[in-house]
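Chain lettering (A, B, C and D) follows the sequence in which the chains are written, and residue indices restart at 1 in each chain.
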Amino acid sequence: MKVLSEGCGELIGWHDPDEHRAWVRANKSRDLKDKRMTIADAVEEYVPDGALVALGGFGHVRVSMAGVYEIIRQRKKHLTLAGKTAVHDSDILIGAGCVDRIEVAYAFGHEMRGLSPASRRAVETGQCKVVAELSNAVYQWRFLAAMMGLPFIPTRNMLGTDTLKYSSAKVIKDPFSGKPICLVPACYPDVVFMHVPRCDMYGNAQIDGTIIEDFELARAARRLILTTEEIVPESEIRRQPWQTAIPFFFVDAVVEVPYGSHPCQMPYLYFFDEEHIGEWLRMSKSLEGVKEYFDKYVYGVKDFTDYLELVGGLRKLDYLKKVEQLRAPMTAPWLKKRG
Amino acid sequence: MKADYTATELLATVASKVLEDGKSVFVGTGLPMIASMLAQRTHAPNLLIIFEAGGIGPRVPVLPISVGDSRTFHEAAAASTMHDVMSLSQAGYVDYGFLGAAMIDWYGNINTTVIGEHDHPKVRLPGSGGANDVGSFCWRTILLMRQEKRRFLKKVDFITTPGYLTGPGAREKAGLPAGAGPYRVITQLGLYDFDEATKRLKLLAVHPGVTIEQIQDNSEFEILIPDHVGTTEPPTPEERRLLREIDPTGMAIGK
Amino acid sequence: MKVLSEGCGELIGWHDPDEHRAWVRANKSRDLKDKRMTIADAVEEYVPDGALVALGGFGHVRVSMAGVYEIIRQRKKHLTLAGKTAVHDSDILIGAGCVDRIEVAYAFGHEMRGLSPASRRAVETGQCKVVAELSNAVYQWRFLAAMMGLPFIPTRNMLGTDTLKYSSAKVIKDPFSGKPICLVPACYPDVVFMHVPRCDMYGNAQIDGTIIEDFELARAARRLILTTEEIVPESEIRRQPWQTAIPFFFVDAVVEVPYGSHPCQMPYLYFFDEEHIGEWLRMSKSLEGVKEYFDKYVYGVKDFTDYLELVGGLRKLDYLKKVEQLRAPMTAPWLKKRG
Amino acid sequence: MKADYTATELLATVASKVLEDGKSVFVGTGLPMIASMLAQRTHAPNLLIIFEAGGIGPRVPVLPISVGDSRTFHEAAAASTMHDVMSLSQAGYVDYGFLGAAMIDWYGNINTTVIGEHDHPKVRLPGSGGANDVGSFCWRTILLMRQEKRRFLKKVDFITTPGYLTGPGAREKAGLPAGAGPYRVITQLGLYDFDEATKRLKLLAVHPGVTIEQIQDNSEFEILIPDHVGTTEPPTPEERRLLREIDPTGMAIGK
């Protein structure tokens, strides 16, 4: 097996497929059991310091912010983050000092809102190390390989670039076409947080709108914590089983947290809270501001409901629902600045 | 005479004109969305828009903030997965792809990862995101960027996304899909393509009022200048009106 | 790239990924256009003699029987069949003499009903040649590789068996784990027929129940002909876009054929017509019976509605609906025989 | 005394007892379905049933005709895809898998493809179907088959599905998932497992009234016979009643 070239990026989250199979057999329950717990218990049980963490959704769309805040609240340390379409999620986890290693497909940016001061600063000062580079497609295919229990998946991208050089991929000659092809290794995150609109108490979950990478990621996860807008009766799930994106045996914990994606968007339910994200982007320009932000919104509140009250309560949530449903115009502090 | 349109409006309208009706385009955040939505509202009503988070053929009501935002699958043909859209791109279904760039070299290789050393960055940028995927898989990629001497470089610090790599045949030799690559570059100064023989950046048209000297002065490398250089069409009032309609808050197009 | 071993099976449906990309670019329309046509026109246009054909569904569940009958009616010849979970579909296509080559994951059997006399006879007499062996998972992953535009997908099965020896797969040493791994080549059928409960006139299709292999197969197909129980307004599709299993640009033809899966099952709509399948299994025990069957049910009817009248019309279809919905008991001639 | 149960009923009840509550099983057409459904109605209510067409954790109302039949995703946890269930099997999520077999050898290698030469078959059988997948991926496979001298062979004409191949370590050497393989064989005569050291078929228990001689007489190869051989439990009246309930038409269990 001649390898034509290979990246120097650190191989994170990879396991020999046989070792992973044995782990699954010993650790993932196939039993149908009630998995409801508090987010505090879920984080305590499934997020050891040093773990490789990945977040479902799209960085600031359908993100388990309830999970993210709890990781910060419990002051988890030395986490490695899967920087897959990472936006607000990674920015505040890095800003909070929980994450000091990241593999990057996309991070340190806030899409239309510009760059992310906190996480950029962390990387540029060496506080957070970028251990490998890759692309969005490649990250998602690393999860596909993991879901399939394979060591790797071939791809036809990254070839010829520095992204490949700093990745953990290898290039071989494809024995069918004779052309060079990239092999990207499986990635099994130690723990994944995913926010869904609904699931039952066993973890059978439905997702409205795009699934993004969550079909593969849920199945690649060693531990999967679902936060959900609502826990519905099992019968509602079983009535339309083709709507189930994640069946129960991939799930380790189910936590009901209405608005659990705030300030990120939850498709069909609520829009980005641009006021709050804007506040973070403003405050996170300085280390003092970062500290002030977490003191106020994480350490200073007793739970997620308390936090929701603090960011504007019912009136704010009602407004975000209207914006999401195109019944009210969007406003944002970062827009005013540009105006 | 001061133009009655902004540079951003010009970029959006010039970019939209590159797109063809009945073809597909892989769209990123910001100007690419605006250009694609404008094309749908003008000459290309059946332009198929594809977003990396899984939105396929949406009727985008208003400029999304994110390529994963629910606006990207509003009344879509399908709200699918990244695996689905990246796969169909790799399989050759996507005609056009848009890319933003911090820096490029004369082969259209793009850096959006880092300025300085990778492990000791002077400036850390977001990385590939979907850019390497778009640049690898889409038949024709369109680069939208600001043109300055420190951005049009002889050598970029980091090739995040492939242009023509080291020249003719290099993409294919590396194993990338054959026959694809950068198609147009659009900056605040002009519109470029790539020379057939050398795969180097070549001026196609200047924007109204821009000189060849400005084009060259704002690049560290030599830009090929053909005998005939066109001038781009400025945005019409109707196009400008549509742009406001698409982006009412001015988040990408400006106030 | 050292290949440790490789199968002697014929490599069918494979194209160099670059050649396939160029074909897609030139031949698959990305335009949103009305694709409605008759099944006769669709078969005439997209099924040349000698083509590699694959059928969606599961052999006798959600099968485009309207497509199958039309292939027979037009007396297509020398087709190669993708024998993926092939049951009633392949049995009558082989029985009719349209197919003389088949790659086999599963074929020549009728699940609970026993073996298939017609297609078994064709293979045992050499009239139909088995060009390669593989497994159900491997066939479906060949379609996954095709959908992804890749030359191959790795798998951890077939290894060590004669199924591998008679397949078109290759074995290499995985550069990540150091263990042998199987690489199965992409398969792009020339034409695929798929039956769905509903789609719009552009081809945007929804499927209720299991998707089986159809997500990947629809995307692997060079030409895709959808037969559908119902053509619905585009707005109905776009209201819940996450229900779309197949977006329009993969589709080449849309044919409305209510009960188009008969005598096979259509989940939630109608059960297997065991009486009719039983009649085929009985008649197909002899070559004369086969001829009689096709004379009566294919060549002897002018269209699919005529055929439906012949097999029992409204009364039969109403009964099949009741059995499917568990409101009437199932009966079958092959059951009486065993009783 | 003539038994008040049929051989098929005995196979179904013995097979159902191999399954454990709270574990997963990959199920094929016919007897495997019945055995799994019986287990759910007796000692294993939370047995997770998985079907190759994508049915996951259904509440099967009545015996399906096909593993793709809508009964296989009736009130299921998920109605998914073959890609999904084959992937999770390959990733180690499936404890048990059922296989039917036309012929086996003493390492549990199975032929369901062809009798005679592959290219000039005496009898053509259906091929692997999902069998090679089940035999490769599931931790423990259970073989249900009729035992006769022409079916328990020294060498099968074609290895469709791997048992232990050529003996200890052979599966792993070939690259198959480690630590998996045939676990039980159940025939109309007895219940077998595989010897730890040699991976050869070993008698575990005979069915009521069956002798060791009958066991050996109905096999071309030598079956390992341990010092202690048990006797299987005959079906109880309650189990027989449940079997009728599961398969009211008797399509698999007989009339």
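A few comments on the model shown:
We take it that a residue touches a chain if its C-beta (ideal position, glycine included) is under 8 Å from a C-beta of that chain, and two chains touch if they have at least 3 such contacts.
Since we're looking at a predicted model, the values are computed, not measured.
Across the assembly, the mean Cα position most removed from that of chain D is the one of B. A separation of 27 Å divides the Cα centre of chain A from that of chain B. The distance from the centre of chain A to the centre of chain C, each centre being the mean of the chain's C-alpha atoms, comes to 38 Å. The distance from the centre of chain A to the centre of chain D, with each centre set as the mean of the Cα atoms, comes to 41 Å.
Residues of chain C in contact with two or more other chains: 17-18, 149-150, 155-156, 174, 179, 181, 209-211, 241-242.
Contacts with at least two other chains are made by residues 73, 79-80, 90, 137, 177 of chain D. The touch graph of these protein chains has some other shape, matching none of line, ring, star or complete. Chain pairs that touch one another: A-B, A-C, A-D, B-C, C-D. Chain A makes touch with chain C in their complex at residues 1-3, 14, 16-18, 149-156, 170, 172-177, 179, 181, 183, 185, 207-211, 241-242. Against chain B, in their complex, chain A makes its touches with residues 57-61, 83, 85, 87, 104-109, 111-113, 115, 120, 123-124, 126, 129-130, 133-138, 140-141, 144, 155-163, 166, 171, 179-182, 209-216, 265, 267-268, 272, 274, 324, 326, 329-332, 335, 338-339. Residues 21-24, 46, 48, 56-59, 73, 75-80, 84, 87-88, 90-93, 95, 137, 139, 177-179 of chain D are the ones that touch chain A when the two sit in their complex.
By the touch criterion given at the top, residues 17-18, 20-25, 28-33, 146-150, 202, 204, 219, 237-239, 241-242, 244, 247-249 of chain A touch chain D in their complex.
On the side of chain D, the complex with chain C involves touching residues 29-30, 52-55, 61-62, 65-70, 72-73, 79-83, 86, 89-90, 109, 113, 118-133, 136-137, 158-162, 165, 170-171, 173-177, 248-252, 254-255.
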